[in-house]
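Labels run A, B and C following the written order; every chain starts at residue 1.
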């Protein structure tokens, strides 16, 4: 931490579970010096209208993201694997719902 | 050179097809810079915009109004924060953006350089200033940069109470005593023109607009948004029984819009350049808060570092 | 209407109102956006509690009274908040030190008020205790952070605690109003609260590497309507508009 920004708090990504039964969802970020305050800041910033019942905070720097440059090798190979989808298989209507 | 050009072309095609741009996607450097400038200006406006209203929290004339106003001004802080977060996804640093504001290098919405001498101003700000802001923000919910659009969706949801809060204040005043009615009319007189200026210069004087429209950062021109706002607001003023301070304001059947007098752009540029009643007061307040908060922010960092070292030691 | 109950209700309501007022002064001026928002949330909690309590006071006073009439048309000698709450905010350390000292008291106080035989006060306590529990945790964390932060923050917050100390004694003083209502099972006996408070404050200050001041001479009077000069300015600001237009609705 340089002299210049020693009063700069680090960034945390905030994930909120809006109710039980749903996953935590990314809602934005906040600044905080530590995890304890990050949770409280996330609470004050992102749940003022009862939007959540559970909060995750993660240091932004700790997140590893896939690169958009790798989008094709990462994701296009899945596009032609149509046999992973139920509609790939022909079942006569008479059989009913499967 | 050819390759760079083709990347830009591909980007334009991608945006033209109404696709959203996300943080790590390739984008023209100028797109990134334009966004950082616009989003941070927007964030600064939210934060500076807290001041003219916050100065009435301790003077709100009923407890119900007091809590509503405090919650509203607090929302503005939240909105500033969502916007700084969106700018950070583009690689900007909040502290550096704030420093630009404090050094007078970054702009914020000039409307907040006008004073709020009476309680009716709190009504007028909610109704007109937030109304104008909402027109702009609804458009920005469809902006091409994903994090900005998402911040706007959240902001629009929260803003809806702000305008109603303001309108209700004025409605109560115009149904009240003579002094209250006068207060309401006086505030409309002062806020009407500055509110129209909030949409920015006319289209032919707005040099950056065309590129922003092309990139779908902006979706409507300044004049279009202004016209929409006027058309929506005039009937609301009529319902209040208040007179909009523009003798030339008249419905134009042919155009399907209101005609109005020329806006005094000289005033607009004067206030931007520091000649508003409150420019100095607003910047002094922001500078003071930031300077006096330094030791607090530093202490919290040092404490966090000590704690992290403790837990490392006890783990070892 | 019972005179003692009304006075007691106003003490609690005025505590919440005056502290809410002071904290609201921070709005727009906090050290960082996140904490501006945090402090506004706490101010809103206090103002919410103030409204419930002043509505109850208005009911006790009679049909022509409302929460606003009680808040805006009482003079300084009819306000019964603790003196510590009307002091100016000072810097972040002063404000947080006051929060910590008062929140800790308020936590033990409201925990006990949950057992009140007065249904209204009990209902207020049931709602408020969740907020107050959060406040007490939040301000204690800040005191630890500032106390064990930098050399500067340590010195500043130690001075804040030292300066505020003489205003803490009033939290535990009891007069005939308390005595009467304690007998009826309505009010909180402050003697055990004092012990709990001292223990908790000592514990947190120790973690914060701060010194707990010695109890010496203490200020008092707020609960009986004998105030410092500061409250007059708060009321002038808060009340001027409704008083200028006494017949108006807002």
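Here is the rule we go by: a residue touches a chain if its C-beta (ideal position, glycine included) is under 8 Å from a C-beta of that chain, and two chains touch if they have at least 3 such contacts.
None of the values given here were measured: they were computed from a predicted structure.
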{"item": "Chain at the geometric heart of the assembly (C-alpha centres)", "value": "B"}
{"item": "Per Cα centroids, the chain farthest from subunit B", "value": "C"}
{"item": "Distance from subunit B to subunit A - Cα centre to Cα centre, in angstrom", "value": "28"}
{"item": "Centroid distance [mean C-alpha coordinates] between subunit C and subunit B, Å", "value": "35"}
{"item": "Intercentroid distance (Cα basis), subunit C paired with subunit A, Å", "value": "40"}
{"item": "Contacts with two or more other chains, residues of subunit A listed in rising order", "value": "9, 30-31, 33, 37, 45, 48"}
{"item": "Overlap residues in subunit C, where contacts from two or more other chains coincide", "value": "32-35, 37, 41, 145"}
{"item": "Subunit B, residues touching no fewer than two other chains", "value": "74, 78, 81, 293-294, 297-298, 300, 303"}
{"item": "Touching residues (chain side subunit B, partner subunit C) in the complex", "value": "47, 50-51, 54, 57-59, 61-67, 70-71, 73-74, 77-78, 80-81, 84, 119, 169, 172, 176-177, 179-180, 285, 288-289, 292-300, 302-303, 306"}
{"item": "Residue ranges of subunit C in contact with subunit B within the complex", "value": "21, 24-25, 27-37, 40-41, 43-44, 47-48, 50-51, 54, 67-68, 71-72, 91-93, 144-146, 148-150, 152-153, 156, 234, 237-238, 240-242, 245, 247-250"}
{"item": "Complex contact set, residues of subunit B against subunit A", "value": "22, 24-26, 74-75, 78, 81-82, 85, 88, 93-95, 150-151, 154, 158, 293-294, 297-298, 300-301, 303-304, 307-308"}
{"item": "Of all residues in subunit A, those that touch subunit C in their complex", "value": "9, 30-33, 36-37, 40-41, 44-45, 48"}
{"item": "Contact footprint of subunit B on subunit A as seen in their complex", "value": "1, 5-9, 11, 27-31, 33-34, 37, 45, 48-49, 65, 67-68"}
